[in-house]
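These are the structures in question, set out in turn.
One chain, chain A, appears in both complexes that follow, with chain B as partner in the first and chain C in the second.
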Partner chain A sequence: MEVQMARPFINSVKTILQQMTSIDVETEGDFQPENNDIISYGVTSIINFAGKVKGRLLLDMEPDLAVDIAGRLTNEAYSSPKEHMVLAAISEINNIIAGDANTFLNNTYGLGLRLTPPVVFTGNKAIISIPKIPSVSIACRTSSGKLKVNIAFEGGA
Partner chain B sequence: MKVLIVDDSPIIHNLLGRVLTANGHQVCGNAKNGKEGVTMFQELSPDLIFMDITMPVMDGLEAAKQIKGIDCHAKIIMFSAMGDEEIAAQAESIGIDVFLKKPFDDYKIISAIAKII
Partner chain C sequence: MKAEYVNPFLEAVINILGEFGIEGIKRGNIFKKDRFYVSMDITSVIGLIGDIRGNISYSLSQETAKNIVSAMMMGMHIEQMDDMARSAIGELANMITGKAAVLLEKKGVDVDITAPSVIFGKDIYMIISSVEAICVELNTPFGIMEVGIGLEI
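Let's turn to the complex of A and B:
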């Protein structure tokens, strides 16, 4: 897949997390092809989208980062990434990030992309076996923990 | 104002609820999907509805159409993570008063309310 299709997503990750939680995201290197199953840092959210092409955004993060994001979003304190509001926060953040990037892609390339509701799950070192469609990942770090952003597209992109 | 929030995310209920309450409004209900939203609209008669688009069971566009069919004067602020021209046009075509793209801050929310009252 073309890396240019993935760039709007990392831009949205940085912008939305800063805007909604004041968390700064720094990338480590550039996008790399992802050919293997992903071993989760602890909390993962996946959102699919489809239009003239199909795609997926996967956010995988360390539990402390998930708890921090949820706390900043709701002004509440959480102790575990398994808490309902923490999982809901990561799901919503993924939804907003994917929506922001897809809006850019729709307005730029006329792809007519629409989102499906995200799924989110937690499990330390869980192996995420995702459909083998071409994808790229970029490693990121924040003051609260690591984040991996994985983007896949198939069909015409 | 009595406000009904329709969104499948409890995070949005929390975020919007805090801003609305802090600005003197009353959240009279939180619906988890469009179908619940239509039912709660009939039960609670809110002055204003905040409605997401992408939701399970019934999406916000269909729910807004049904609510406008029940009461063509119903005030609806629609919002979505997606903000492209096609979605904004769809919202406008069913008589949505204001369309907001997520994320929104306090200022955007209060400004949207000010536009329709």
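Let's turn to the complex of A and C:
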């Protein structure tokens, strides 16, 4: 798939996290095809979008990063990624990031993309697959932990 | 509040499983949750966009999944939940949600469905919508399927 369709998402990840939480996201390398199932670092949020094309943004992060993001967004301290507020905060930040990237894609390419609500989950060694749809991933790190940004497009993007 | 939107999904499960010869599905417990705990091994999630926005989740144990995939594959023995079996579960979710979309369209509600994501893991805490989701246990001959319906209307 076209990596240039994926770039707005990593740009939005960096911008939104910096603006809303002051967390700096550094990328390691560039987008790579993700052929395998994704083994979660701990906390995953998925948001789908549809318009002229359909796709999915998946953000996957280590538990400490999720807890840190949630803490900075709400000015509270959390101890576990299983807490409702942590999951809700990650869900919301994914929503904002996907919305920001979609706005860029809609303005640039006229794709008319709309979002589903985010899904967020944390579990014990969760594996996520999106059968038959190619995706690309970029590995990132922050001072609080690792983050993977995975973007899939279906239908010839 | 949402009963008219919930029923198409439950009818669709019964209808699609029926196409694979799986009959006798009964509704079990229904509960409302904002964050729910999934004790099952496999969950498939599909999003909806259009007149209503939301996510639907289908959760099963490995054993139930293997038996259902076996029925989908004309009785082929399924040893483990490999790529092919997980893909089949994703496809099942796709078919059920697609059928529900057709039923909703007949009520004048147009929705588009997204590709499935299949989550394989234990002890999952999950949120599928910003409002409370309705979780329905369906008893199938192969075990329970939990259907989570999170719709923002």
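Keep this in mind: the second predicted complex is superposed on the first by the 155 of 157 C-alpha atoms of A that agree within 3 Å, B and C clash if a C-alpha of one lies under 4 Å from a C-alpha of the other, contacts with A are read in each partner's own complex, and residues count from 1 in each chain.
The rule is simple: a residue touches a chain if its C-beta (ideal position, glycine included) is under 8 Å from a C-beta of that chain, and two chains touch if they have at least 3 such contacts.
Note that the coordinates shown come from a computational prediction; the quantities given were computed from them, not determined experimentally.
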Q) More chain A residues touched by chain B or by chain C? A) C
Q. In the superposed arrangement, which partner chain does A:Leu73 touch: chain B (first), chain C (second), both, or neither?
A. first
**Q.** Partner chain(s) touched by A:Arg7 [first = chain B, second = chain C, both, neither]
**A.** neither
**Q.** Which of chain B and chain C A:Thr103 touches, first, second, both or neither
**A.** first
Q: Using the touch definition from the top, say if A:Leu115 reaches chain B (first), chain C (second), both or neither.
A: both
Q) With the two structures laid over each other on chain A, which partner does A:Lys52 touch: chain B (first), chain C (second), both, or neither? A) neither
Q) Does chain B (first) or chain C (second) touch A:Ser91, or do both, or does neither? A) both
Q: State whether A:Ser40 touches chain B only (first), chain C only (second), both chains, or neither.
A: second
Q: Classify the contacts of A:Lys125 with the two partner chains as first (chain B alone), second (chain C alone), both, or neither.
A: second
Q.
Taking the superposition on A as described, I'd like to know which of chain B and chain C A:Gln19 touches: first, second, both or neither.
A. first
Q) Both chain B and chain C contact which residues of chain A? A) 84, 88, 91, 114-117
(Q) Please output the residues of chain B touching chain A within their complex, sorted ascending. (A) 8-12, 14-15, 18, 54-56, 80-86, 101-103, 105
Q. Contact residues on chain A for chain C in the complex?
A. 37, 40, 44, 46-50, 54, 56, 58, 82, 84, 87-88, 91, 114-117, 119-133, 152, 154
Q: Please name which positions on chain A make contact with chain B in the complex.
A: 16, 19-20, 70, 73-75, 84-85, 88-89, 91-92, 95-96, 98-100, 102-103, 106-107, 112-117
Q) In the complex formed with chain A, which residues of chain C make contact? A) 34-35, 38, 45, 47-49, 53-55, 57, 83, 86-87, 90-91, 112, 114-130, 150, 152
